[in-house]
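Below you'll find a set of structures to go through.
Below are two complexes that have subunit A in common, paired first with subunit B and then with subunit C.
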Partner chain A sequence: MALSMDISVALISIAPFLAAFLAPLIFRFTGHLAGWVLSIVPAGIFAYLIPFIKPISEGKFVQTSLNWVPEYGINLSFFIDGLSLTFALLISGIGTIIVIYSGKYLKGHHDQGKFLAYILMFMGSMLGLVLADNMVALFVYWELTAITSFLLIGFNHKKQASRRAAIQALVITGGGGLALLVGILLMQQMLGGVWELSAIREYGAALHEMSLYPVVLVLFLIAAFTKSAQFPFHFWLPNAMEAPTPVSAFLHSATMVKAGVYLLARMNPTLGGSEIWSITLISFGSITLLWGAVWALKQTDMKQMLAQTTVASLGLLVILIGIGTDIALTAMVIYLVAHALYKASFFLIAGILDHGTGTRDITELGGLRRLMPLSFILAIIAAISMAGLPPAIGFFAKEEMYLSLLQNDLKSIIVLIVLIAGNAMMLVVGASIAIKPFLGGLKPTPIKPHEGSLALIIGPLLFGILALLSGIFITYTGKMIISPTASSISSIAIENHLKWYFAMFLKPIILLSVVTWALGALLFFKLDTIRKFLRSLDDGFKWNFDIGFDWLMFSLIRFADMITRFWHHGRLELYMIVVFVALGVAVIAPLIINNAVPAMPTSIPSLTFYEWSVILLAAVGLIAMLVAKTRLVAIVSLGIQGFAVALIFMLFGAPDLAFTQFMVEILTVVILALVMSRLYLDRRDNRIFEDILRDGSIALVCGVGITMLLISVVQYPIDLRLTDFFAATSLPIAHGRNIVNVILVDFRGLDTFGEIAVVMGAGIAVLALIRIRSGGRQIGIGAKKSKPRRKSTRVQKATTASKAKNIATSKTKVKVTKVKPKTVKSIRRSKPIQKNKGAKA
Partner chain B sequence: MEIALAVLIGMFFTVSIYLLLSRAIIRMLLGIAILGNGVNLLIFTAGRLTKEIPPIIPMGQDGLIEPFANPLPQALILTAIVIGFALFTFLLVLGYRAYQELDADDTDTMRLAEPERAPRPPLSY
Partner chain C sequence: MNTVIFRTIAPILVAIMVVFSVFILLRGHNEPGGGFIGGLIAASAIAIYGIAAGVEEVRKALKFDPIAIAGFGVFIAGLAGLLSYFYQVPFLTGLWAYLDIGPSKVALSTPLLFDIGVYFAVLGTIAAIALALEEDEEGK
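For the complex of A and B:
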């Protein structure tokens, strides 16, 4: 029974991003009032979602889909049932308040526009996450929340603690996101290509039978546990308190950290119900609950206290999903809503206190009841809901969760004890935040205390009223919100019996609540002693999760450094070895693999006498260069092989090439001789024998490879289509008889133009290099080391180092600059001679 | 005759790579110069060799008469020779300036960009 296929559902998750795009602009025009203006978007979404409550409570749902990657059957599909609606309402409702609140809270901050944009983007990702039907879309939104929360947590990026908290959140939740991706892909493969969350719930039983079920389960649990800060991934959440208070209120009441709970709830029909599911969830949830609750007692910073109780609450929600009975799921939904309301309230009040007094330390505050009466009342209401006192909605959350554990087995009793202990400790935290800053004698604070303005107080006010109203009219709440949400978690309709009646206070189960309250009251009066005791325990430990995380991150950096140093060792000859070994392999390997090593010629090629002499000349030039004892011999040998190459061009029908080669070789030898006479170099190659052997073999392998490659190339017929084209069109189209020149100046004229530009650029660069005054920066890292080796030749120089150097430089400057224009010119001159196409011939 | 040239080209590559693997800048420069020649000859030979007949249409004729040398590789090589020369000159001056500034011609001692004792990356956030 789907409601109309309304595409506007997709708009819900897009609108916040559009608003985020405009936020900085709106901030520029409206200043801190931008919060009020921008709150229209989440408020609109909230109002849009309200009419869905009734049809969805009657068992209907909304489904809509856009084409995304149709080739893979992936659509951007959305789905609204009880669970997503409850989450979407919480996100957009609390989001509205947060946007308004941040407008005031960050008033005067120059990056406020950016902040509002981040908040809206985060809200958009969160809405997309809970509305997504397609699992790929779910993953994308999941990672988007990780990225946007990174931006939010690291908003005070000038503080190292903020940066660390942001990176920690990103690494942990982003890593969990990767596990989610693998889990999604595995599950999609196992179920034969189902991408939709609404469809996979049909496969629950079948999935449990499959061999990969535990793997998929673990992957999804890692994703949920990292996001929802379950032990042992819990430590990023309290650190994320580095974020501005509105962020903490938003991330830790109904959004970011609840995403993991949402995933577990969503997957309950598919992955849940098995023994391993419930044992894992209950045990990890219990550890997290106790850990968070105990840690909360240790804190004095209000935000830290709240963060730790958030960890505890998340553990509690996970336990309830793990129990998985109808009553447990009902309790879970009530607790989810109650927690979102009171936790958002508390964070915002903590922000008001911080804003109004300048401190968040609970031991430094007192006696504010007269100065901040409204905050006091609202904190009391939040604490009532947190403690599970009637008539707030928190009362039913606690009643139902105890009810779900009234079984006669050991497991239930242990969990029950855990829940009572956890609840009692959380009650203490709630009570101390609601009472300690307000009662007692007034303590001096950094700022003169003042009540929060409307933008700040409106949130706790509305949440407080809502917490009371939803508790008082529990029958209505139960029917409209709780029951449909619980039903979509369990996939069968769950009715609940929530209502007020007098006899409920006479039932024995109320005793469990009384025990909780009594225990809480006892702890409350002994809180200072307990805190002191817990802190003294803490000193005994050298290790905590943060230190472990740092170690992990720094190891990663060290590892990256090691890898970089291994590959980028800074020794050029080793880089060159890698390059040429690769060349040798690239040339020879295909020949061997394809069995294409060319047959060696059996007879000596029949060449004329003068052809042999030219080839021999080139060979002599090459070998002379290797064995040359002096610079001059090496330069002359370079000239010999160059001239031999020019002669080869001449012999095989390329007079233009030969001519250019002659020119270039002359210039090369002249310039080289000029520059070399200014250098004081080692005479000999100073390679040791092993290096000579290594370099020689690499060079030989490459050379032989090139020879073999060329031999095998010339054994096949050549494709002469281009040559024929040029030969045929050169005269009729380009009116030139020298085809080489026609190609250069006509067919590939632009290419030649580029070539001239390159030569010119090189000429200018050479000029610039020579004209830079030497002796600017003298960083002699290499200089000091290499000196001894050259001492013999450099000793006279070194005595009057700077002076001699300057003279040497200035001389060179004159000489080489004299040479340069000539070279550039002569090359230019050489071109027209070659390219007087047809005219001469 | 391509075979004979193929062996010669192999020699060009061997010598140039051997020189390039040396640590002395000036030897590497010589290697670059030779490598350029080797590559040019490689392209030239791969386009097949024709003896002594340049691809020029004689006056009074409308087209080339077979056989003629392949003009396409020649055009490519002509560009390559000039560019190669520009590169060589630039490298030569660069090497010379490096020698002046760093007082070194051994690449092992030219460690300005990648110093031997580079600071470790900061271990913080």
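For the complex of A and C:
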């Protein structure tokens, strides 16, 4: 059945991104004409998609796939059936107009190139979303639309309201995207590894039987409801009107917000059909429809009115998917197309009015019919389609949706009433935008009114013509577009039944339309009273969803702040205590729990005199440190001890370690000395007795623990398999005689690579700390920390630590996080190295 | 610390240390040494020079910001790993080439390149920290 394995389908979603990449450049050369130039890309896509209409209406489809992550069976696969084709045509068709329109609308804006790039990127993401076959690809495109939408809403980023609206939209739709990801993964697991949307529709019945079906359903619904602004997530959409008007027309009415509807439609064969599905969709859709429609009446800003009716329309689409019968799905598709056309028209006309008069408040406009005649006619056409008057395509949308509810049960009657009320209120909004600014007396406006130029008017013109033509030739539209789309939503093929015939105006169902129109007319004449009433109602409430959202966000920040303050109190002593108590517990607890406390050696080992003298040297260093009068002397004394340890390494045949140890000791002392001079510390360490007792015990516990650990390590035979492997392979395979170095740069090169990246990152952090230190207090303890990272023995670790503790009495803010991973890392890391040392010796 | 003797000897000392650090770096694969130790030695050299001649002087002599040197090191190390891509072998696989120069045979390898990366990463980071601290000291 697949039409062709044509890779150019993949190109559809890639081309807009390439165009976006070039957009700023093209803008530089062509100025505001860039809109016309760049519209070639979406227009080309549109033209490319047109020839698919016929074969797809005959039940064929297109599938193509590129390798992406073949290990997991994830491919970048695309798929065109009726549903994706209709969406893709809307996106590329409206996209073409929007790009042209923005060229003129934002003329003179210095960031226009960037704007066009964002719009094109969004279009690419949206096309990818509706064409994606693989669910992972679907998710990626889904989130891409959220991100590009964020960029577009926040385009006027100097305005606080824009930034807030952008973040709000991102949080809500992006959060929904995460639910989608979980839903996709869960479903994929349940179905035994199916990634393709075209394949999962076969699994509908099986999925309904599974116990996790409700969970998957809820996750997908959250994704769809957030994206399509369903109650209770509806409030981000009107706020998103902060975006420039072309964005509102494109993203927040015609395309992106319909992504949720698309997802529901796509999932209908798989997840739909159950009781819980239809009840949830119908109830949430109804609330959204009424909420949006009522709130639309309250507004006077044309964009806000349109935004609220968009919320209502999205609710309506969700209801129709929830009903799920053939007729309901047909109605849903017609309404989808009709709404995209008239709503885009309306937004663009609102933009023309705003552009031409300087205001978009409907109460400040009037009498523009002579000055802006074309806009007037086009607004009337859009309103006709919105009101569902013949011959526009909107008429059929309304007829079909009422038809789908002609049943004798309570549920259908309630939904029918909801639909009539919602449609009537939307009609009022459409009529008032089409009539109020144009009729009546001319009102003074900030700018002298003028008609929009070709680039602005071409969109509403084409959309209006299309809305009329597709309605007049409904049989053709039905056969080519509507039925194939409805068929891909439904689990069975739906035949076209749409046509004009005289008797349709005599059927009783036409009465429902008449009721709608009458109700709408009544409301229209009472609009000012209703608005006043709604405003007083709104003022009466102290709470709304926006306030709730803000409260939630601030609570989140407060919570994060609380956690951070709890762990990052900025008191270095406490950091040190936590780290070393943890170390002590980690070392001693397993020994005690496993009953593995090693037996102490009973006899003094026989050592040569120079070995004794090195140990003596280390002991002298330690004692000198303990009795040292000043901090600096203590640090240097500890250096003596470090050198003694390095000597031991040397004696036992680990020159590399000894070498490193020497260097680290020198640098530690030097850098500590430098740091010390910057810290406002007393020369002496004036700890009170209790502190000495506390710190001393912790140090002792850590020391004893490490000692016990070492003793118990020595008591068991060492597993030499790795050592033998490295010793045997170092020269023949890795061409190196220095096993330590071979391990570092070859056998475990990836570790080292990660580590040098960490070294550099730590260095940058230290630099930042040194530079920002305000009042001279925030200086690089971190500097010292990043240094002895290749401390090789555990004993050494403990001494470094106690060194750090000595200087660490000031309240310096240092990243504990840096200390911890490093400790863990070097302990883990030092194991193989040390063993090799033994082998070499 | 800032005595005449120290200031006179420092440049010579630093030069020797830097050369020694390169020596340590290059011999690392077969004898004790390697990029890490070499980098530490070179960083100490720079720190000493900073104390003796002033940070300004050192920065001039280095030409590049030390942290950029560290970044270069990480980049080189990554590059050494990526070379394996051209031979269709996994990331970081060691590749070897031998050059005959006169009587001696010189081994060039991606592990050596990697080690050079380690050298620069360590050198750059520690020098950056040391110099920043010394600068702070001077500014006091």
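Going forward, the second predicted complex is superposed on the first by the 600 of 841 C-alpha atoms of A that agree within 3 Å, B and C clash if a C-alpha of one lies under 4 Å from a C-alpha of the other, contacts with A are read in each partner's own complex, and residues count from 1 in each chain.
The working rule: a contact is a pair of C-beta atoms (placed from the backbone, for glycine too) under 8 Å apart; a residue touches a chain by one contact, two chains touch by 3 or more.
Bear in mind the structure is a predicted one, so any value in this text is a computation, not a measurement.
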Checklist entry - Now for A:Ser677: first (subunit B), second (subunit C), both, or neither, which partner does it touch? => result second
Looking at A:Thr660, would you say it contacts subunit B, subunit C, both, or neither? Reply first, second, both or neither. both
>> Going by the contact rule set out at the top, does A:Arg771 touch subunit B (first), subunit C (second), both, or neither?
In response: second
- Task: Please indicate which partner A:Tyr476 is in contact with in the superposed arrangement: first for subunit B, second for subunit C, both, or neither.
- Result: neither
- Message: So in the superposed three-chain picture, is A:Ala757 touching just subunit B, just subunit C, both, or none of them (first/second/both/neither)?
- Response: second
Partner chain in contact with A:Arg737 - subunit B first, subunit C second, else both or neither: both
Q.
Let me test your reading of the model: by the given contact rule, A:Trp36 touches which partner, first (subunit B), second (subunit C), both or neither?
A. neither
For A:Tyr203, decide between first (touching subunit B), second (touching subunit C), both and neither. neither
- Query: For A:Trp68, is the partner it touches subunit B (first), subunit C (second), both, or none of the two (neither)?
  - Reply: neither
Counting residues of subunit A touched by each of subunit B and subunit C, the higher count belongs to B
Interface residues of subunit A shared by subunit B and subunit C, listed 655-656, 660, 664, 667, 671, 675, 678, 737-738, 740, 744, 752, 759, 762-763, 766, 770, 779-780, 783, 786-787
Touching subunit C in the complex, subunit A uses residues 655-656, 659-660, 663-664, 666-667, 670-671, 674-675, 677-678, 734-738, 740-742, 744-746, 749-750, 752-753, 756-757, 759-760, 762-764, 766-767, 770-771, 779-780, 783, 786-787, 790
In the complex, the residues of subunit B that touch subunit A are 1-24, 26-27, 29-30, 33-34, 37-38, 40-42, 44-59, 62-64, 68-72, 74-75, 77-79, 81-90, 92-94, 96-97, 99-116, 118, 120-121, 123-125
Residue positions on subunit A within touch of subunit B in the complex are 160, 163-164, 167, 553-554, 557-558, 560-561, 565, 568-573, 576-577, 580, 601, 605-607, 611-612, 615, 618-619, 622-623, 625-626, 631, 634, 638, 641-642, 645, 648-649, 651-657, 660-661, 664, 667-668, 671-672, 675-676, 678-679, 681-682, 685-687, 695-696, 698-700, 702-704, 706-707, 710-711, 713-714, 718, 720, 722-723, 726-728, 730-731, 737-740, 743-744, 748, 751-752, 755, 758-759, 762-763, 765-766, 769-770, 772, 774, 776-783, 785-787, 789, 805, 808-809, 812, 816, 823, 827, 834, 838, 841
Listed in rising order, subunit C residues that touch subunit A in their complex are 28-37, 40-41, 43-44, 47, 67, 70-71, 73-74, 77-78, 81, 91-92, 94, 96, 107, 109, 111-112, 114-115, 117-118, 121-122, 124-126, 128-130, 132-134, 136-137, 140
